[in-house]
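All chains are identified by letter, namely A, B, C and D, in their written order; residue positions are counted from 1 within each chain.
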């Protein structure tokens, strides 16, 4: 591996997982050794009809009933079964990008260019991503670091449009040295508005800009997570730029983004180093997946 | 806790998680201590349009394109952005019960009765399960055991309708003693037909019947997984019974079921004891969730 | 037929179509004879992502791409076809109740009671309405009358909460005598806000209350349509009543409701009598259907 | 209008409706004058979960429950309403191309070229067809002709792969002279297998090939309908051609296709000339729509 974090993929022309190549058995073992209490922090929100989403690209989560106990029991009786087994099953109409989720590398492009120089015209098919889809993301079991910047301006959370800078992150990191293979979670305090005040949650958000993203990817992080919907500051201070952190992280650096995280409990307990486990369901071709990351201590 | 595995929930009237109450920090630590190599086996299939599903209760997984790079770039240019950020986003129409997934306790009833004596008429609402939904399943990080019965009849897999008995399981367990809090994964060899020969995969399956299920729940397992679509033998040898293992495990014992697992690699490497991690996305009210369980060694 | 319009269905215990029983070949011929110019007014809005819907029972219309020309051409080339046939196909996630639509009789109940004394517990199944679904609505080809009440308060439209009374309707009818088998369309002017100002469109609406509904059903109308989302006044002046016109029309009188109509052109041209044609797609078990009614003159 | 039916659109560069330009008030009046009995034949099948569809481009029709009377009554009671209004509402996951439907002109391309020389790359957007979508199809009220070829081979229906030729159509037309503005419905007898034997229905079908399609479009038909899923013969006798009739009719001639029609009653009553009414719901950007065409006599 060379050049990781310089915006040039360096794991060969066939690579589809980017910085996740840094996830080695050694790092996995080292991360697991951080666990001394056996406590698992759940870093996800519940995703329901009240989950915020930013139109037009994010879309609603809809659950409707497909099969219910009454009807399934009736039907099975008609088929001669006597044990009154009732099934409850729903149809989900959803997107991977509403609720707590991870972005696949193929979620964002710079023009036609996806991660590792792949052409979006080739990769994006009617059945989703032919490469760089969420099914290629390996299990993420590595060291996680919480960089808590929520109080930097003296309040309980940062304001929308507030850029979190490399200095802010360095300050929040304190003694923690970011190492290749780490996942960095950034707490802005914005998560308190998830499903509680969606209008506010969606009107903008504090977050990192490209310099902070580069500062992180240069250090070899595998993923960047945040307690907001886009990881990055919205609106971008440069009015000509739309979601440039997504472009840098996903399409240039091969670094995954984890969005809509629930980080309040970690912060409350001042947990800053932990074993981060994130297991994305392998939905073929999807540009992301709902996940339930945990922080083990 | 008393009476676990006797078919009587015993964690109080408010309990919604059943045998998952057995998951303690101590067991979590003990399971993590099993990990010496840092290797993660992925126990899930990729879920796509080719995933088998058993009509009428199981339904297809459909992915269609909601936003693509070309259009999103065009739109952003019209809004004055110059960085050509292309987004790829899909809509998913799916169910939790197609592909590798875990069943929520509220997925099955015995007549009107759900787990812990709850009434299905109360719990099943238009927005899904008001209680016992998948969002209540805690992170599962515990010891996993592989009981490999695939070769019991001398072939590479068992045949449909072949009942896996308590004796078969005991035999497959060998020296491994099942302990409260364990997750037991049963390999029948049937998984080879997943998405490879769906007609065969769905026409029936080898699996446990109620006696074997009771044998497992009595020992305090938290979940039972299998490399078939229903864990249990299909068709049931008793033609009056439809899915009685689902009823016993979910509605009586509060033990989760994990279906459509990919267990070939574990078997190939003769891995029988491991740290099992399964993190179900918290989709509110859903009767299950797509998951990506891993076995760590 | 006896008792039509008195809130008692009277077409026998097996009846599923209510007042549509009044649609006879004679009335159809009479309606067609009204057509002298051969001009067709389109009474429907375009339904897209911008269509208003009232949560929680109305839900969004979502169109995503399932198959597109590029991919289908590629695939067909791989199969040896040389004529470069490109297919474009979408998936629609929708409800019958967003956009211009007609309600099926089974859409509303009074407690457990549906139209013709049917029990909702019997009729509402996992696959929708077992009876009274939209597939039972016959083709509606009959005389239509426009009752234009939009200007009654001196403006271009009535305000939300404004009850349209029997007297208002009688006044708007002028010389037109409502006859059994007619469809009455009421113009409040509210339609101007459809997809133009959805917040306003959904915050309330002018419309009929139960007395006006009864005045209409008593005269044997087959359906009542309006240029708002619910036909009836919202909020109801009686704060204990939710959608009582739906209950009366659908569950008592067997009279269909047609919602979100586009009536501006009819009004502009002062067309008050016409041949109304409405052909609901037969979607099995659905509680309504998107339609494109036309007024022929 | 010049050149209609020669495969060159001739209604100007902005035209989106093709041969439907031929629909004039005069033709509408003439068609309505054909109605002497006031009887309406319903030409559509019921579309439900049992509707046949040809993977991969055709996809299933799924109806699940969004709101039901029990829950809506409960919720309204909590809001202080006392009239126990129960609502039943479904979510529909569907495509326009399953069940009885009409194809929009933008449904098919020849390479990048859509009807009227439009480029598919321009027209096909994330929200469907920007032009040539189903919302542009005008109400179709015109003369319909039934060409019944079902018995041509001596049986009750033609066999799959049987090409219906111009001579066959001319023979079936008998005295009827096809005129500009007509809709021609072809009965092959294949409709009997719709939802009754889907495997057979989908394994191939009798239908027209390009010569017969050209014979029809040259005479100025506005739409061609059939009692099969694709109007055209499947498989095409030329193994290098995939769906060439779709290309000719939609992309060259601007002539709509109507599929999965129910024509048995028309044939039984030997109705060959009628007033055809087809009103496609205006679903923005959709490549087709479920319809319920009727034949009036």
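The working rule: a contact is a pair of C-beta atoms (placed from the backbone, for glycine too) under 8 Å apart; a residue touches a chain by one contact, two chains touch by 3 or more.
Given the structure is predicted, the values throughout are model-derived calculations rather than measurements.
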Same residues or different residues: which describes how subunit A and subunit D meet, taking over half shared numbers as same? same
For subunit B and subunit D, what's the span in angstrom between their mean Cα positions? 43
For subunit D, jot down the residues that touch at least 2 other chains. 49, 56, 59, 62, 64-68, 72, 90-91, 93, 126
Should the pattern of chain-chain touching be classed as line, ring, star, complete or other? complete
List of subunit C residues in touch with subunit D within their complex: 24-29, 32, 35-40, 42, 44-49, 56-59, 61, 63-70, 72-73, 76, 79-97, 99-100, 106-112, 120, 124, 126-129, 135, 138-139, 141, 239-244, 246-247, 277-294, 296
Subunit C contacts subunit B in the complex at 62, 64-66, 68, 90-91, 93
Which residues of subunit A touch subunit C in their complex? 49, 56, 59-60, 62, 65-68, 71-72, 93, 125-126
